[in-house]
Amino acid sequence: MSGPMLELDGVTKHYTTRRGVVRAVESVSLAVQPRSTMALVGESGCGKTTLARMILQLERPTAGAIRFEGQDVAAMRGAALQAYRREVMAVFQDPYSSLNPRLRVGTIIAEPVLAHERPSRAELDKRVAEVLDVVGLPATAARLYPHEFSGGQRQRIAIARALALRPRLMVLDEPVSALDVSIRAQILNLLADIQAEYGLTYLIIAHDLALVEHFSSDVAVIYLGCVAETGPTEQVFAQPRHPYTQALLAAVPLPDPDHVLSEAAALGEIASALDPPAGCRFHPRCPHAMDICRTTRPLAAGSPHITACHLPRTSLP
Amino acid sequence: MLLSVRNLQTHLHLRRGLLRAVDGVSLEVAEGETLGLVGESGSGKTMTGLSLLRLLPKGSGRIAGGSIQLDGQELTTLSEAQLARDIRGRRIAMIMQDPMTSLNPVFSIGDQVGSPLRNHDIARGTALRGAVVDVLRRVRLPSPGERLGDYPHQFSGGQRQRIVAAMAIGCTPRLLVADEPTTALDVTIQVQIINLLRTIQDDTGAGIILITHDLGVAASLCRRIAVMYAGQIVETGPVRAIYRSPSHPYTQALLAAIPRLGAKRGRLTAIAGQPPSLIDPPTGCRFAARCPSRMAKCAEAPPVVDLGDGHSASCWKLAS
Amino acid sequence: MRAEMFRGVPWLALLVLAAVGICAAGGEALLPFEPGELDLGAAFKPPAWISGDWASPLGADNLGRDILSRIMAGSRVSVIVAFYAILFSGGIGAVAGMVAGYFGGWVDTVLMRLIEIQQSVPAIALALILAAALEPGLPTVVLVIVLTYWAWYARIIRGEIMALKGRDYIAFARVAGVGTARIFLRHLLPNIFNTLVVLATLQVGQVILFEASLSFLGLGIQQPDISWGLMLADARQYITNAWWAITMPGIAIMLTCLASNIFGDWLRDRLDPHLRQL
Amino acid sequence: MLRLFGRRLLQGLFSIIGASIIIFVISRLSGDPIVMMLPNDAPLSAIEEMRRTLGLDRPLWAQYLIFIQHALVGDFGNSYRWKMPALQLIMDRLPATIELAVCGLLFSVAVAVPVGVMSAVNRGGWVDRVGRVFAMLGQAMPAFWVGLLLILLFAIQLNWLPAFGYGSASQFVLPAISLGWYPVAAQTRIVRSAMLDVLDSDHIRLSRALGTPERLIVWKYALRNAAIPLLTMLGVYFAAMLGGAFVVETIFAWPGVGRTVVEAVFARDFPVVQAGVMFTSILFVASNLLVDLSYGLVDPRIRDAR
Amino acid sequence: MAQSLQRIAAAAVFSLPFLAHAQAPKPATGSLAVAFGAEATVLDPTHSSAGVDQYFFGQMFEQLVRTGPDLKRLNWLAETWSVQDAGGKPVIDIHLRKGVKFHNGDPLTSEDFEYAFKRQSDKKISIWTHLQAAVERFEIVDPLHFRLHFKEGDGSYVASDLTLWAMPKRYMEKVGDEAFERAPVGTGPWKFVSRSVKEEIRFEAFDDYWNAEQRPHVKNLTIKVIPEDLTRVAAFKTGAVDWIDAVPPAMTEEFKKLPGVVTASYVAPNNMYITMDSVTPESKFYDVRVRQALAHAINVDAIIKGVLFGQGQRYVEVGIGELGYDPDLKPYPYDPKKARELLKAAGYPNGFDTPCYNLTTPREPYQKEVGEAYFAYASAVGIRCKVVGMEYGTWISFGRRERQGYVDGLYSNMWGHGLPGDPGTPWAGHLHSYVPGKGWGATSTYSDPEMDALVEDLKREMDIPKREALIKKIARIKHERVAGGLTTYRPLVTFAWRDKVTFKPWPMAFWRSMQEIGLKQ
């Protein structure tokens, strides 16, 4: 087996704003294996979207490296970058903002193709029709404008567009959170089918833990720009080791009237990335916080189930 | 019965045509009871909530029929002034979805929390401050006395939702309409607000209508559930009955379509197609087009079938 | 769909604009009289409905020139000034705004500083000095208006682009490796087009008023060109002798400005409701 | 807050310097003041000597450097025509212009706020229509025309208000209306749309749901929010008022900077033009700073953000 | 009163008013507000750069000689004066009037005039040094007697009322120029009180004024500055002021009909003409026949009547009341047929196209419209004008030889001869051919050695009767050849006042002198 398809090594992103330096992402290291689905999960503002944007080369990391099949993405220029752009595509959260309202669906889907190839008109039409068929839309949809579709259908169009060039890695940024429950399942199933059929690798960003558990093979739990815990989804969900992961899981209300929620799992509220706590970033909310947590950042340890916590692994519940 | 709604019809007069946002909804809320109004976007659950206070979009929204009775008093016939004076904020209060936008950014929270107290003559003058501090204490806002002069942006999302709750419960209303009160919050904060609502209910004994699309939140907070689809209630009943033995095909499909934490990984059961337009809704069962057990009869309006224990559903399948 | 499109069209405003357009396009052929033709005998002939005649329905000015003919001829200058002023200020402003908004960084900083400088000089002062430095006349008026208004466009377009830039379809285009030129042409330009149309419509009235103010101060359109502002400025000397000489071109200005503003308002509501505040 | 203020001040300074360069260069291109100052039959040598005395024979950049060097210590040179320091000439006129601009602005705001609020509250009703047309009229008529018509009606026909002069309150009325009517339309639009947005906001809906009387909702809770965008623009409108004063002052014989500068442009009296424009620029920058500072009073978010 | 002007014949220059010093006048009372259409810039006559400055300083300062309401020259601060000959060089010998006081009480002496002379000759202070260029030396004989020694004759010195203003030497040396500008002191009928630029100037009648007869009869005078016509009219109609300057020509008829209002029109010291290049052979107007054709083509009388509402006075080279006015010199009659014939004779049977430049900033009322009318008439006979508008600043340098060279085509122009008027200076500027650097022909479009010699003679001639004869001679030749431009009209200015006001116009400050103004008892 070859190495990971995508590797993040100490990736850090700081923004300088008027109010100070926002430490959005702090030294994140992850590896995404081919044909797997890696989920980045965390609460709003935790930096998961910033990570995705760096992987998509929409932003540059302040420090660290992002490697795609061993090549540093940040160093890519010209043809190499263009080649990378061909391999990596994205589906965004809001199906209303992700499609240009002034272009026909056919044009929207053809856009990535035209950025890399010069197919004939007929060939292009054929390819558009093909991907539309894959996402379950009729070929006639190509002639319509985005506003003529519902949210779920738009998300299908966005998936078709990302699929048109047959990329190898797809970044899914909250792909269903703007959709209704009954539509969500359609899209999730579609994404699963596509992955199976084309052998895609997914990097999905989500805040819905149930969805993550259901959909991903690996998961990284992120808190205030740092990876708290990462590993195979089954292991992480079955035996969460980090107090934050535990708190998250405990806080999810289940569609079960007999389930009792516990509030004590995480205290207070999330701190600001503008002035993150020293030491372990979770320590002000952690029920198990110790002195060392206030001063020293915990190192990540374990394999494949990695946790960044000072608590001795053995003493973890 | 604290609140009794019968055959409520709420219409929105839009450019595209007449939208029947709420089409014949009946529901009841008892004192100290939490009713969960569950449905997808556009199902009419929010409009139902707004209809109770007649806070419909100006110009286009109108209650076209039915009755709303609070403690036996008919609300649909009250004048706007009577509603503002006696009902809104006084006997029925509301909590909205987004704590970031439901507080006025340019007024101090002392002013805003005090506003309903002043308007309804609960407290005035020097007593007002004490009353405001008291109500903020009840929603567990830390050190309320020192923060009256602070502005909404100086609080976190969870704290803001507490302040909104304080505004709502200041006049000890009989009924609280909470419209997606936790949707905009992160899960760890969501728990805190769910618990707050529970505490409020224990303290005041008010009835609560919880409007949500999240079946998990509804399960954790409600005693009874009403499931809405396309402007109508398709199933209603005690929370256990709904989750353990859903009877309407839509409720069943909804529960099957959500991934559950700890459940086995596998293919989700999707509901095909999309909800119908409410401008020109189909006659008969509105879910029929997407229903796996659709029958010929479904072209006619389905009857409400009583399944016992306050559990009922509108479906031909159950009638036969 | 079509009916929807034309709902609430301000027909009256359109009618006025069409009339102005026809007068401007029709040129000499439409004019009852040669607008520069003097007839001292007919000086201050009142409008037809007072005691004049229907040969000069709106009366004549101090040199006996037919006011209707002059207003019609003046519309041509107004339209030409408005056309070029809007074309250039809109064009320059749109390009500057797009580039600054999309690329940000130092380009943006430079543009913002330029806009601030431009704004801190009172437009009329700049216009005065510029008109005095160059030869006053139609091209100078256009230049002055362009220098004054490009920043207006640039600011608004820049804001629009910054908002658009955050849209996911732009992000996707970059992710997919779509070239910058194509992003500008296919994604940015079409999406600011409505804004440009609305801004341009709203600018018509402002251009006409600006030209009138310049002409009032003697640095606007110069004879023998005829413009409404010039007619107004000239006729103020006879305001008590012949109210029609100052009122008629004033009404022409007012109607045109009102019509273009009303039409612009309507367009804005149709095309670009978020521009309501302009 | 202080840091931001400092930065805005620096930006303002930059604008003023930029403006001074523009004005300096263009005004030098606009012709030679000498021919206007010397009698027609003055010999060429006299012209050359005059030019040397005034430093007009130096290269443009050198002239500019000298100008800026002097300007820094408040010396804008002597007016060629008035034989007095240009700075003093402008400073003496400045109060009248500021007062007129402020009155014009007050008039526009005093009209725009109620009209905008009522339009928003009665959206689509007759108040909305009539109010907006009234506001729009100001934007459709040249200020000098309005001024002349006002004089004709209120001074000559009705003899209610004085047509000219500076000093008493009644003398402010007509000039302030001529000047202030133009921005009414834009301000009304801002207030109206801001009110529409605010009235449609969650917090107002919540206020309403909690039984706040409509009167309080509109004039207290919504208006303060809606005032913010208007306030943001006040600096720009103040500048527009200063610009408008160039025209209106002439009509109403107002002893202000605008008229002084207009005449100076015609006479190529550079020191006065430069001092006048520099000071309107400084006023503009200062008023924007003031607006920046005053946001905090209305919008607590900004107070803290800085 | 307006008619009085028409009766003025050629000037009899010297007259000595006998003034009663016997009894002290009783102090004036009351207040009066008047409105001017334009404003002076400076208050010190030496600093003046434009005629409009006289509007203010003319009320406070006085000269040696002055022109009276009947356009006759009066000895004013000079009791007597004469031009004498001292070894071939002219000398002006002046005796000052006794008992003249400045507003601060200082008596007027020869030293004050010497001081005025020095300041006016100082390039740092004055732009009028060229007016004193011919004066070699200032000689004080005694406190009331001095002499001006000339290098050569200077006719314009005499023509411009001996140019010197009485300046208070002691006071000025004490306070300095700047303070003087803020609180000027003269010998005139009005004492300075206060001034607000662009707004008003306030005066108080000078109780110790030397001239007991011709003086104001009101204590306080406020001159408001209201440039906009309608506003000034409104100020008068609403009673805010009781006297206004420059009634708009279009409103003069209306004003004449107003009850309780007196109006009077006077000729303004400006002479309008049309210029064309008569020097360059390529110029269409090089041919005298074309210039004559133009003279026949333009109906100046119709323009005065139609465009100017009668507010203009036709003149041929020299206006009524000016030195050298010749009633026998008649204008070219309006005769388009003749004009076409002349054009044909000059080789333009079908006429020709020419640029025509029109001044658009109104220096004089309705000037732009007059220009349009000129060019319309010219076009009608075949001198087809392509009208180009010119703003004032452009116009100022437009005709100046050293900047512009010769301009192809027609342009409207003006050069005031003064009041009562003497064409010496303007002719030196636009009739004499251009001599670089010498001041001759600064805006000239004409070149003719014969004319040059005559104009140079005129420049030197200080003897009034000889001067008059010379002017008449030049005027005839100038008229025949349409040289130095085609003269058209002199604008009239109309004043209006309520009949409770008594007002007698003096030509100083172009009739705005408040020498004799008062309230009826």
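Per-chain residue numbering starts at 1, and chain names A, B, C, D and E are given in the order in which the chains are listed.
By definition in this document, a contact is a pair of C-beta atoms (placed from the backbone, for glycine too) under 8 Å apart; a residue touches a chain by one contact, two chains touch by 3 or more.
Note that the structure is predicted; figures quoted are calculated from it, not measured.
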Shortest walk length in steps over touching chains, chain B through to chain D: 1
Middle chain, criterion being Cα centroid separation: D
Euclidean distance of C-alpha centroids - chain A vs chain E, Å: 88
Inter-chain centre distance, chain B versus chain C - centres from mean C-alpha coordinates, in Å: 52
Between chain C and chain A, distance of the C-alpha-averaged centres to the nearest whole Å: 50
Residues of chain C whose C-beta touches two or more other chains: 132, 218, 236, 239-240
Residue numbers of chain E (touch at least two other chains): 230, 233, 361, 391-394
Sites on chain D at which at least two other chains make contact: 30-31, 148, 152, 250, 266, 268
In the complex, chain E residues that touch chain D: 41-42, 44, 47, 49-50, 123-124, 127-130, 178, 181, 196-199, 224-228, 230-235, 237-238, 240, 361, 391-394, 396-397, 400, 402-403, 415, 425-426, 428-429, 436-439, 442-443
Complex contact set, residues of chain A against chain B: 43-44, 150, 152, 180-186, 188-189, 192, 207-211, 213-215, 237, 247-249, 251-259, 261-263, 265-266, 269-270, 285
Chain D to chain C touching residues, read off their complex: 11-12, 14-16, 18-19, 22-23, 26-27, 29-31, 133, 136-137, 139-145, 148, 152, 182, 185-186, 189-190, 192-194, 196, 229, 236, 239, 242-244, 246-247, 250, 258, 261-262, 265-266, 268, 273, 276-277, 280-281, 284-285
Sites on chain B touched by chain A in the complex: 40-41, 156-159, 186-192, 194-195, 213-220, 239-240, 243-244, 253-255, 257-263, 265, 267-272, 274-275, 290
Interface residues, chain C side, partner chain A - complex: 167-169, 171-179, 182, 186-187, 190-191
